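Lettered A, B and C in written order, each chain numbered from 1.
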C-alpha cells in the first residue's frame, strides 16, 4: 500500500464519508418519524389508514432500496416530479426504513400484555395516560433490539446511493479505482470509513440492547 | 347499613357462550364478600364486569364511588420502581399533591412491611412482595370497593400467608372487599358472606358458617368435598 | 405513462429474463448459505473458544460491512491480488454466500440456544440415547423455528442481489435502462413505466415468500 496515495485520497474519502453520514442520519430520522406514526396507526387500528399503512409496509419491505431509488430518481421526474439526488436518497432511505420501523415498533406495542392496559385502566387512568406512561415505555424497551438492527441495516444500505449519482463512499471508491487503478488504497479506505461509521453504532447498539431489558432496570 | 355495590340480573356472553347468567347480589359498606366456585364458573369474569373491564350484555352494575382491583399476576409496571408504581395513578388521575402522595405511599409500604423496597424495581421483588405492592397500589387510590382476583393463586405456598395477612389487616379496617379465592381456610376466616358460583349462576349466598358447615346444595357439597380430599392428600 | 414500451417487441420478456438472472444468483447463494450456515451454526453451538472467536469476528464483519463494499473488495480486489480477472457473477456468488452463511449460522445458533436444557434432560430421563434425543426431540424443534427464518432469508437474498447491476451484470435494472435508452424518442415517459414495473416485479417475487414465512411462523409456533 502506498501511504502517499492514502494521504492524497484521505480528504476525498472524508468528504464522501460526511455526505454518506449526513444522508444516512437524515434517512434514519425520517424512518423513525414514519415508523412511529405508522405503528400508532396500526396499533390503534385507525380505519382505512391502517390498511394503507399495511400496504405501504408490505410494498417497501418486499422490494430492494436500489429499485425504489431508481423509481424515485429516474421514474418520477419524467412524470414531472423532480427532486435532487440528496433528497431522493433521504426519502428513499426514509421510506424503506419507515416500513421496517413501523413493524418493529408495532410488534413492541403488541408484545405488552393486554392485562397491563387493564391494570392501568382499573387504577382509573385514561386510555391516553395508559398508552403514554404504561404501554409506550415498555414497548420501546421491547423494540430496542429490532430498532438497533434497523439502524445498522439502513446505514449499510447507504452504500447504493452511488446509483443515483450521489458522490458517496462507494462512488468515490469506484471512481478512483477506475481512474487511477489504486485499488488497494481505495478499498482500504472504503473499509476504514464504513467501519468508522458502523462499528460504534454496532457497539452502542449492543449496550443499548442489554440495558433495555427489564432486568436492567435497577440491576 | 348502606349498600355500596349492587349487581342486578347481570348477564355476560362471549359470542354464544354464556359466562354469567342473571347474577344479582349487593354488598354493604364494610362488608367482606368472598366468591368461591370451581374453575371456569365465571368468578373472575364477574369481578371484571364489576370493574368495567368487560362489557355486559344484560343487567346493571351500580357502585357508589370507585373500585380498585388486584390481579392474580400482580401486573406491576416493570419499567417503574415500587414508589413510581404507587404514585403514578394518584398523580396522573387524581392530580394529588406529590409530597402528600409520597407520604401516604411510604406509610402504606411501612404497614405491609416493604419500606426498604420502595426504590426497587418489580423484577427485584419476590411474588409475595410484588402482590403486596399491587395491593398498596390499589389502596392508595382510596377506592370504595376493593376487588381481589385470586391474588394468591400464582404464589409459592410460603408466600401466600404474607399476602393474606395484608388482606386480613384490611378487613379489620372495615374496607369493603370482594374476594375471589381458592384458599378455603382464608375464605372462612375473612368472609362476612360467601357466594358460591357455578356455571355462571349464584348457587348459594349465605354466611360462611352455614356455607362451610352445612351447605344446602348438592353442588356446593361436592365442591367443598374436593377440598377435603385435597387436604387429606 | 411509459408502460407501452414494455409491449414493444420482446421488451417484457427481456425484463423478465433480467429478473431471472438476479433470481438465479440469489437461489444458488441461498442454497450454499443454508448448507454452510447449518454447519457453522452447529459448530458455534459447541462453544469452543477458538471457533467462537473466529465466528464472532466473521459475524461482526458481515454485520457492519455493506454487501456492496464486500462486492467491491472481491470484484476489484481479486484482480489486484492475482492479476487475473474474476467474473462479476462469481464475485456475487462468493459475496452473497459469505453474507448468507453468516446470517444463517446466526439463526441456527439462536434456535439451538433457544431450546431449553431440560428438553435434553427429560429425553435422557426417558432413556433416549444422545442420537435419538437429537433425531426425535431437538432437531424437529429446531427445524420448526428455523424454517420460517430461512425462508425469510430467501427474500432478503433476492433484494440484496439487485446490487449486482453495480458491478456490471446485466440484470433487470440494467435491461430496464437499456429499454429506456433505446426508446428515448418514441416513449419519453418510459422511465416511469419501466421502473414502476421492475418495482412491482420485485414485489411479486418477494411478497409471496414473505407471506409463506409469516404463515409458517404462525403455524409452527
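Throughout what follows, contacts are C-beta pairs under 8 Å (C-beta built on N, C-alpha and C of every residue); 3 or more make two chains touch, one makes a residue touch a chain.
These numbers were taken from a predicted model, which means no experiment stands behind them.
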(request) Find me the chain with the mean Cα position closest to the mean of all the protein Cα atoms on display. (result) A
(request) Quick one: name the chains whose C-beta contact count is the highest of any pair. (result) A-C
(request) Let me have the rounded angstrom distance from the C-alpha centre of subunit A over to the C-alpha centre of subunit C, please. (result) 20
(request) Would you kindly tell me how far, in whole Å, the mean C-alpha position of subunit C lies from that of subunit B? (result) 54
(request) Calculate how many whole Å lie between the centre of subunit A and the centre of subunit B, each centre taken as the average of the chain's C-alpha atoms. (result) 47
(message) Residues of subunit A that contact two or more other chains, please.
(response) none
(request) Could you list the positions in subunit C whose residues touch two or more of the other chains? (result) none
(message) Taking the touch rule as given, give the residues of subunit A at its contact with subunit C in the complex, in rising order.
(response) 58-59, 61-68, 70-71, 74-79, 152, 156-160, 162-163, 170, 173-174, 177, 183-184, 186-187, 190-191, 194-195, 198-199, 201-202
(request) Report the residues of subunit C in contact with subunit A in the complex, numbered from low to high. (result) 1-2, 60, 63-69, 72-73, 76-77, 79-80, 155, 158-160, 162-163, 165-166, 173, 176, 180, 188-192, 194-196, 198-199, 202-203, 206-207, 210
(request) Spell out the residues on subunit A that touch subunit B in their complex, using ranges where they run on. (result) 115-116, 118-126, 129, 133-134, 137-138, 141, 214-215, 217-219
(request) Using the touch rule from the top, collect the residues of subunit B that touch subunit A in their complex. (result) 51-53, 66-69, 71, 73, 75, 77-79, 81, 88-89, 92-94, 119-121, 123-124, 137-138, 141
